[in-house]
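When the chains are written out, they are named A, B, C and D in that same order, and each has its own residue count from 1.
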């Protein structure tokens, strides 16, 4: 059974009534509940817990970390970011959702600025599957719709994805690479675009299915490894005789 | 100076008045004239010439072959397709335009079915640049528009492009990977989507710029090489002493 | 349970005593037995059976096809190759072993010449893992050795792999991309280099583990689909109102 | 004409007589002289200059930055690393040489640990070309040799290269992805393995040719751009009417 840790900034829901109306228990609880329905074990953590809830123990027992952040990226401590990064290097899966494109951990893993264009217009997003045999697209039709969403538009400043699974169409005239996979160290990283806090995106059954698919794809069988750059570093003995 | 050979099926223009009205001298002549303006040397060839105009000599003197075909893909002889393929393996650049996604040579180089969804609705296409530092996108803004075009929609059944440069947005709700680069043997292949025969797409200055960019990107300095699979094939001498 | 069909040319074993001594029941039986040990269901097929044993029914019930061929690539009928290709497009996994780099089906799926350099010297091959988190490398150390093998050297004329898992070192001074993954249509393709017929490579436990890993990686959950280019091709209805 | 800035830690040459004997004026001067021979304009900068010689002005006038560092990676200031990173995002090419795999700027751009295995044995390295049509491999044979080098072995903890150009063979039994290209922001990054300070690698004509090829490949025509994440970030106006 896959162990998931769902992390949420959890500020908007406590500060903005319109967000609280959509996610009364927080975005993390909505996502965690959906993952439990899908057969995963799901714990949660939030920014204002000690160590943001991302203790060594919490990370060590997770197969996959789901991340939602928006307005307080800079409040996430660099030490915790480095701790998460080290776990990803050792095999922790990471699912970065929506505005997590601008989180410290995602930018750190990408090495680029990760900026996007955007517009909160509440119009339709249509997510097209461009890699229908990819595990994250399992069980989907050729596209799915989200009735009301924030728009993200290209250019999305990321390294070219190792696997591009979804491209979004927006009514206002934009496109976006909205489902992207990368491999980093022993870990797998997936970015999934939908999920603005003022819309009920994470209550949508198809969106929940995609997140569950992504979690299963990102989970490594066999557990955590020592990250490559933490391994012993002494000169390697030659395998062939040198003289 | 880059030597380009522009190939066109050249049937629609002779059979359909509405196409002849847009391309009175044929699509090939419109493209060739634009490439000459851009500083290339451009010859042309068409389906109904002997050997489809794709003689060994014509191919040997070309750096890049531009290909437009639509209704008569099956009339292109397999021998000529194999000849073109061998030249691509040896370094000939290939620019496949619009319905050339279904040409024998493009499908042969891709190894997949290369099918698309489509609709001739004459609505707006907006082409977004998703790799702004790519040479084929040189001099472009973040997107460009074509007022009236045929729609192509995903899933586009291709191998994942080595480089994805453009994604198109269509008014009817679709997206498409409309600028894709691959490397095959010593050759470079670029697919560029716009260009339905009933619309004046190839008279558009931005479209012409993209094609000229693609031609320059696909041209190999240093000329044609012996394709890898035509090279001498005897056992390789060991470089290190084996005992 | 994964259903595998192991195909073998099965000529060398019947014609050459030195090969028969190593694979008395044929390479296919050695591989099939190892896959059964690993928990798969494995059937076999060979060149000289009717339709090379690759009937529509045999392919339809397979999740993955393992292919070994060497001296008789040209005797495989084009119709059967096209049938296999169609199944791969619909989701059949394909594992191409050793000299299958030059098989019709592998070259057809790659679109390139797929030639290699070689030398039958019976020296040591050391296979290095360059993507240790890849499912095909599960359970392996940083490298594994094969005491006696044929050498294959670069340049290997393939499209750049979507995923590069292994690189081989050869005593005579060469390297080779010996574990390569591609996605074609709905199918997954893996090339694995070791396996010359005069050496007991397929009796090696690590080689057997790699092949079983590759089979599990290439098997698509959910069964065969209609290949993209066999789907209905009528104009797509617009999802958005066009006026 | 391409403007190159060659950066060197320049400590070993001043502290170790055996290094000074090989590079009496510093590794940077040897490389810069070779680049001037190849038709580039080359300036130099070193760690112990103010701001490590990497002032805003010095970076702004460079098309490509060549980087060699080894023992003092941690002494490079984070502010300067961020400045270099911003320039790469805006189009500055970066050539990371040998032990620069572990430099702050390279690791920052990769997002992974970038560790390697190694052994200073002074044995033969043979560098194989696995993408012979790549501009960085222009003019090379199928492989080239370096008589005496340090060994680097896999696993090299990098994101899968966008383009893999070279693989090295080492006498002691190892392989290494020794020529790797990535795209980051508007910039191009190339890692080239050879170049241990105690060996005359940078005096070798083929190594010099590769570095000059890499510089030309990494230089962006059209000059520096505003990095994507420094661009104005206000909501995007819709291109299509939303109602």
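Of note:
By our rule, a contact is a pair of C-beta atoms (placed from the backbone, for glycine too) under 8 Å apart; a residue touches a chain by one contact, two chains touch by 3 or more.
Given the structure is predicted, the values throughout are model-derived calculations rather than measurements.
The most distant chain from chain D is C, comparing centres defined as mean Cα coordinates. Centroid to centroid, with C-alpha atoms defining each point, chain B and chain C lie 31 Å apart. In whole angstrom, the spacing between the mean C-alpha positions of chain C and chain D is 37. Looking at chain B, residues 126, 131-132, 143, 153, 155, 160, 171, 173-174, 183, 185, 239-240 sit in touch with two or more other chains. The touch graph of the protein chains shown is complete. The residues of chain D lying in touch with chain C in their complex are 126, 128-132, 142-143, 153-156, 160, 163-164, 167-170, 173-175, 177.
Across the complex, chain D meets chain B through its residues 91, 126, 131-133, 138, 143, 171, 183, 185-188, 220-222, 239-240.
Against chain B, the residues of chain C that register as touching in their complex are 89, 108-115, 117-121, 123, 151, 153, 155, 157, 159-160, 162, 171-174, 182-185, 227-231, 233, 235-240, 242.
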